[in-house]
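Should a chain be cited, it is by its letter among A, B, C and D, assigned in written order, with residues numbered from 1 in that chain.
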């Protein structure tokens, strides 16, 4: 799979190191921008008048957008933490890995759009479903990156098949919860569903892992 | 608290180094974007006519937004300087530290929203209070990161309890001034309060520290 | 061409290393932001009513913008992958190289604009042509960077003229396809043309290279 | 001027290295975002109709905004190149240097605002003057950073006073041209003035320096 050129890159450790670092820091930049861009969609509605009360009302009306902001900081943050952990153990990258990682980044960079839909529209089922599917897609692409890296031996020698399996299962938490919540959508309120998302983001990415 | 996996990461210094650098540079990226995004909210109001005078008026009308921009560059800049200084002395990070740092970054990335409210609305008390609370929240999360890192031994061996206490006190300057200024809000003008913020940002983050 | 100052820089390997890393990571940041900014143009049209159906219709109406987003993630991503590969083999940079690279970055950072035109307007020939020319320009500037670097000996010693020629040809795939597709514009539908772009981006940047 | 804490940082070369790298890469991130954000202001005016001709007219009407975009890529790019060169020779940083650099970054991040004014308004004298003053401010802050760093011995030992003087003079080219062009504003057309800016950006930052 590695070409003459890639072999050449492998021959100079400095180049290999740079290639690895670039994949990692490029990813960091995309995650950082995706988190920060969320705030661009936080905008006050046009004030109907210039009074203090009108501003207070407008700020209060923005509470759903602020909630959507906080939710997506948590979701993208948990993806970043998963990415951060992944490269504790992946020790080399190649072209195909960089490409799959790019697809993941494209899905992460997309999340501000469903976030703005959720924030603007309150939480009708369509907005909830659109958000859930978008986040699940990013989660599944992260899973693909991990599994593909494991299959092609990009992990450190000390990582066991058992470790890899544990990560793969853990990486499924966010997408599975997201998609499962869609099944509940006709029966329970949107607010309850969004609460399960917060829990899923915390468990799947943010909370400390139990010792295995 | 550290899992089998984290222990493994600790075993390979290269991975530990990368994990540390990523937390730091990811933070830098979020700070950099938060500062730069502030300018997105600087927009001219619709010109009422196409004349030179109309443009001059519009630019003059934007002076509050430019002030809000400069204030937030100083505030976010002082948080970045505090972050920069913190990692002169923190020598290792773990999952929980990365998560708390993420919450801090989420609060910093939020600041452009209250900034745009302050800029758009001039400075009615509600806008001033919203800004003060948002900045104080970021300051308090920074404090949490510092104290938690100290408690769990992430600082360099040479750092004394006295140093840590001095930092903790210093880190409280911005949030305390911000919250205290709210008490003055009914009595003094918004402009005076915003002036104390500029001073607080300079003292709390930007000005050289006195020798202890 | 190198001045006294540049010679001085060459004399301190640390400074040379930093200068090299900065060009690379500055480029990564621009690519990352260009990819992430694409989503800013994904906005729902004003909802005509507050019903569930209105939101569904608005999301469905945004499908072209989502397609344009995905296309540009692929296009900018393939430019990034080409950039990433290039610096596996370029081992030093100078002022002129940094300047040419900057022109390339300016062209890449421009791509969100034709993307938003393509997304907003559906795909009339003018929008398609504007997009194709913009992307071809970025591709040709990338070519210029590569050829100039080769001519002035910035590549690693192990790189042969044959390698350089192979890269130069490969780098022409995206611009040639883009410009050639314009010739077809009067005859075939826009959709078919955009499909060839997806293929060109995959072949020119994303897919694994055949062994030479 | 250096406190106990800074002294401590100096004592651990690793921390000093990190502090230096963060100042540099944080700056790179701000420059990269400022360049990339310029494109956010490139937006098509509302189309008056859905015809091909309406889109062509709208694109043609955006030509001034595209010119303003290209001008600012060149201007911010030349500031970045100057920054890049500066840290070939600066070998250590401290708190005050980081703070002054932060002011410079705040001025650079501001440039997209006068750029959008220039692009939106065509080039009436007010817009031209606002742009010139904003860019000159960033240039003068860059000068301040250089001179302050020289005075306080942050440059590499090999740098002579003659080198420093040459840089200081060179760094004045952009601000002086910008401010001087304001004097010409009543006499010559805006287009001619903007042309001198392009030349100044190229000479001041982008073109190779003559051997001294």
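Note that in this section a residue touches a chain if its C-beta (ideal position, glycine included) is under 8 Å from a C-beta of that chain, and two chains touch if they have at least 3 such contacts.
Keep in mind that what you see is a predicted model, and the values were worked out from it rather than measured.
Comparing the residue numbers each copy contributes, chain A and chain B share less than half of them at their mutual interface.
With angles rounded to a multiple of 5, the C-alpha fit of chain C against chain D returns 90 degrees of rotation. Taking each chain's centre as the mean of its CA atoms, A is the chain most distant from chain D.
In whole angstrom, the spacing between the mean C-alpha positions of chain B and chain D is 24.
Computed from the mean C-alpha positions, the centre of chain B lies at a distance of 33 Å from the centre of chain C.
In chain C, the residues touching two or more other chains are 25, 29, 33, 37, 40.
Across the complex, chain D meets chain C through its residues 21, 24-25, 28-29, 31-33, 35-40, 42-44, 47, 52, 55-56, 59, 69-70, 73-74, 77, 80-81, 84-85, 87-89, 91, 156, 158-159, 163, 206-212.
Contact residues on chain A toward chain C in their complex (touch as defined above): 1, 3-5, 8-9, 11-12, 15, 18-19, 22-23, 25-26, 29-30, 33-34, 37, 40, 95-96, 98-99, 102, 105-106, 109-110, 112-113, 116-117, 120-121, 124-127, 130.
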